[in-house]
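There are two complexes below, and they share chain A, which is joined by chain B in the first and by chain C in the second.
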Partner chain A sequence: MFRRTEPTDCTVFWDGAALPAKRGETLAVTLLAAGITHFRDTAVSGAHRGPLCLMGACFDCLVQVEGEANVQACMVAVRDGLRAGPQHGARDLDDAP
Partner chain B sequence: MLSMMMQPSDRYDIAVLGGGMLGSAIAFGCAAGGARVAVLDEGDVALRAARGNFGLVWSQGKGDGMPAYAAWTRRSLAAWGDLSDRVSGLAGRDVGYRAAGGLVFCLGEAELSARREQVQRLHNQGHEGVRILDRRALLDLMPGCPLGPEVVGASYQPADGHADPLTLLRGFKAGLLAAGAAMLNGAAITRITAEGQGFCIERADGGTFRAGRIVIAAGLGTPELAAQVGLAVPVRPVRGQNIVTERLAPILPLPASAIRQTTDGTVQIGVTTEDDGSYDPITRTENLATMAARAIRVLPALARANVVRSWGALRPMTPDGFPAYAESTTHPGAFVAVCHSAVTLAAVHAGPLAAGILAGRLPDELAPLHPRRFEGMLAHVPAH
Partner chain C sequence: MTPDVLMPDVLVLGAGPAGMAAAIAARGQGLSVLLLDENAAPGGQVYRALQRRDAADAQERRDAADAQERRDAADAQERAGKVLLAAFAACGAEARHGAVLWAVEDGPRVFWSENGAARSAAPGRLILAAGATERPMPIPGWTLPGVMGVGAAQIALKTAGLVPDGDAWIAGQGPLLWLYAAQALKHGGRFAGIIDLAPPGVVSRALRHLPAVLRGADYLAQGLLWQRAVKRAGVAVLAAREVAAEGEGRLEAVVFDGQRHPADLLLLHDGVVPNTQVTRAIQGCRHVWEQGSWRPELDGWGNTGSPGVMVAGDSGGIGGAAAAALSGTLAALEAARQLDRITTERRDAQARPARLSLARHRAVRPLLDAMFPPRPMAAVADTTILCRCEEVSAGQVRGAVALGCLGANQVKAFCRAGMGACQGRVCGPAVHGAIAAARGVPGEAVEPFRTRFPTKPLTLGELAALQA
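Moving on to the complex of A and B:
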């Protein structure tokens, strides 16, 4: 769906799988460039969702980043070794790091 | 007469002026009763009271000094279950009505004793069923709820509950469309004139509409329109600010005054009562911070929750804070309704109020809520 126009220079881990990334790009972009569109399962119906606005407004790109839940993937700048994974359902405050 | 020259399609049985929560409920009830209904709404530039609605379907604490309002509220709660089934079917989704009881949390002994006194006073006015729970009883009611240590108790009304206001409004609109009602949105009403056995309504966009009866349900726009049919209905804006969090796993099983978790998981935190005369539905950081701080004292885990949105809205408030309903004596067939709890009262607005308008006679139980009570009322009591 998307094609990179610039070379990658680091690696992030999505659900344990290594993905090529470029430092400073958003995690949402890294995932989309890798062909990943299923970022989360909604809290209400469990539907699969991915980014809509890519500018911090829609909250549809929620993922887990370094153990923190409900993080907007479009608002996180990637760095080498970043670990992230899908957001399944609602966040449980008891799981906060 | 002009009315005799009109085609049937030009004239509605009932025109409801205002398509918010109040007007939609009344129009829905009238359309369900077989009337040919038009809803004339200004559009989304209107200062909609429902934007500030907290979604509570609520009786406790309401009607102190006005038993007719308390009784009207209780009647709505009794009919809300049936309304919920109808509206959920029409909306195509669950309106989220849960009536497992509602709470007012008390932080510290001083709040609890003040609440106990208020409950006792209302009990003496016929409010039955509200009781004070201590912390242990509260935790028995909500096992595992992570209440903060300052929560020493709460008042509890088993008949209270909450619902999703947006789905309620969607259900009303779907019901109106299914009944063939005309939804005429997009311009403010400029003039109402009596004409034959009915009314002519003119709008800022040049539109002209005719109806046998009219219902003014225009929130903060009510005084100006009501004056045109000979009714004095003073209404002022009282601002309320709201916060919602991200969707969270279940943390609060029962709705409470100023804090509830929706069926979708967001926690809604309210709410200010700002009586400064301003028509600006703003938020202020200092107010939002105060609201959030209290919510965190109730549920300390919320300190880790993210806020998704905050907003302000304006409640239409009468001088004594209670709703007003009337039919004009100078313009028979012209009705007015105004309130700030149109979700709680939705079932009576769609039910007995709409039936009364169709019958041309408001329910007798609403006589104490006639706006003539405001005559000579110089000051107003604090909003509640």
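Moving on to the complex of A and C:
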């Protein structure tokens, strides 16, 4: 799918699993580089989705970041130790930080 | 926390070539400038992460001092970008990154979110330079994870050095497709194949006339010449009319010409369209339908019909990076005139070089537009999804038209197309085109999706932090 041509320098956690990352790249890129394309399940049918545009327009890369729901993975710069996971359907009010 | 409303002479939205050039030119006239941009650093999409890549490429360039490569179009484009970035950094504009604009009211009054709090400003003039997005390319299976835009892959390459590998395919048409393919190959990427969906024969016929037209023109046009470079590099380029993505829960295969090929990445491209999400929500900004998408109606300086609101760059009509910067300069000079900093005569004199250059860059557009007409929405299968957010198919949109739905705004009530999280950003041209085709009328006969503020999602917490 994709292959990195530059070294990584930190670790982020996706659903608890450690992934190599490069500081400052977006979380969406970190996931794609690890071969992960399933970012969320849609609220309408539950279908799997991943990013389309990587520039903040499509809202198909929604994930949970540090407990916050519906975050665009393509707009979040990663840092060491960042914790994130997939967004399942719509945001649950009980999930509010 | 500053209770005072910010009152810059000029507020610029977007730090791409148009926004940066507008900021530089406005500062050159002594205007105060506040620039808002969603991204972490200036450059927009075309010059994204240019400074970062500069460092990464330095060693590679020293190693491979390839004179031919230095002359190529992408390098020329990068040089122009570096000049612009340096001038922007030195111009004295206040740049706020990670700032997401979500409303423009009469005045103009501008609202945005930044660091989890809403802010507002009342600038003398507002210059919107929101750039372009990729035209949606609805094919069967395009919502499967693993199907992305060519522009997305280009961002992954520019910002983090990700290159395509394994069962990676490209499908579509247009100069940016070839530009990306060439960039990816140069950085060690590999493709299983490129599925060329351009109308047969058009490219080769036009290419014969191109070099004379294009000498010195912008990268959009020069990108065409990359097509030859990619073919020479040995990548399989396969002409087809249709393509489909298949898989369970993720992309597993691409299908074209009746054959199924394994795939884990499919990059789609059917050209770019102006980002009119904000201008369509502003009262008084009229839009015209052109090349299968909307663009705001502007005068020669970038003025919209809404007092104090101007548009520069690709969000006012696709022209590429060089043309975008020139239109940014023109808009800033006009803003300075409207704010009584320069006379009309002085504005005209200072604008002359930019205007001449802009005319030269725009001369190539009719040729490109003729070569790459948008893929017709009438040909999209009924079962193919148009609105990705609400999962509305082309058949559902056509069904609404059959029930008497005349326009894009009505179709929302019929089937929710365009009402999801992206607010019609992605599907807009596709839903619009499908309605027009189903009605048998030209696109301009259907009114555009009306967008509404907030044009980006906003939390109540952010809103609560807004100072009066």
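Convention: the second predicted complex is superposed on the first by the 97 of 97 C-alpha atoms of A that agree within 3 Å, B and C clash if a C-alpha of one lies under 4 Å from a C-alpha of the other, contacts with A are read in each partner's own complex, and residues count from 1 in each chain.
Following the convention adopted for this analysis, contacts are C-beta pairs under 8 Å (C-beta built on N, C-alpha and C of every residue); 3 or more make two chains touch, one makes a residue touch a chain.
The shown structure was predicted, so the numbers you read here are calculated from the model rather than taken from an experiment.
Trainee: Using the overlay on chain A, decide if chain B and chain C clash or can fit next to each other.
Mentor: When both complexes are placed onto chain A, chain B and chain C end up clashing with one another.
Trainee: Counting residues of chain A in contact, which comes out ahead: chain B or chain C?
Mentor: Counting contacted residues of chain A, the larger count belongs to C.
Trainee: For A:52, is the partner it touches chain B (first), chain C (second), both, or none of the two (neither)?
Mentor: Once the two structures are laid over each other on A, A:52 reaches chain C alone.
Trainee: Which holds for A:70: it touches chain B only (first), chain C only (second), both, or neither?
Mentor: The answer is both, since A:70 touches chain B and chain C.
Trainee: Looking at the overlay, what does A:44 touch: chain B (first), chain C (second), both, or neither?
Mentor: A:44 contacts both chain B and chain C.
Trainee: Should A:25 be classified as contacting the first partner (chain B), the second (chain C), both, or neither?
Mentor: Once the two structures are laid over each other on A, A:25 reaches chain C alone.
Trainee: To test your reading of the overlay: chain B has the stretches 116-124, 278-286 or 332-340, and exactly one clashes with chain C. Name it.
Mentor: That would be 278-286, the only stretch with clashing C-alpha atoms.
Trainee: For chain A, what residues appear in both contact lists, the one with chain B and the one with chain C?
Mentor: Comparing the two interfaces on chain A, one with chain B and one with chain C, the shared residues are 44, 59, 70.
Trainee: Inside the complex, what are the residues of chain C that reach chain A?
Mentor: Interface residues on chain C, with respect to chain A: 38, 40, 45, 52, 56, 133-134, 143-149, 151-153, 155-156, 159-168, 187-189, 249-251, 264-265, 275, 388-391, 420-422, 425-426, 457.
Trainee: Quick check: in the complex, which residue numbers of chain A touch chain C?
Mentor: Spelled out, the residues of chain A in touch with chain C are 1-6, 22, 24-26, 29, 32-33, 37-39, 42, 44-45, 47-60, 62, 70, 74-75, 77.
Trainee: For a test of understanding, state which residues of chain A touch chain B in their complex under the given definition.
Mentor: For chain A paired with chain B, touching residues are 43-44, 59, 70, 89-94, 96.
Trainee: Which part of chain B faces chain A closely enough to touch in the complex?
Mentor: 246-249, 251, 264-265, 301-302, 304-306, 308
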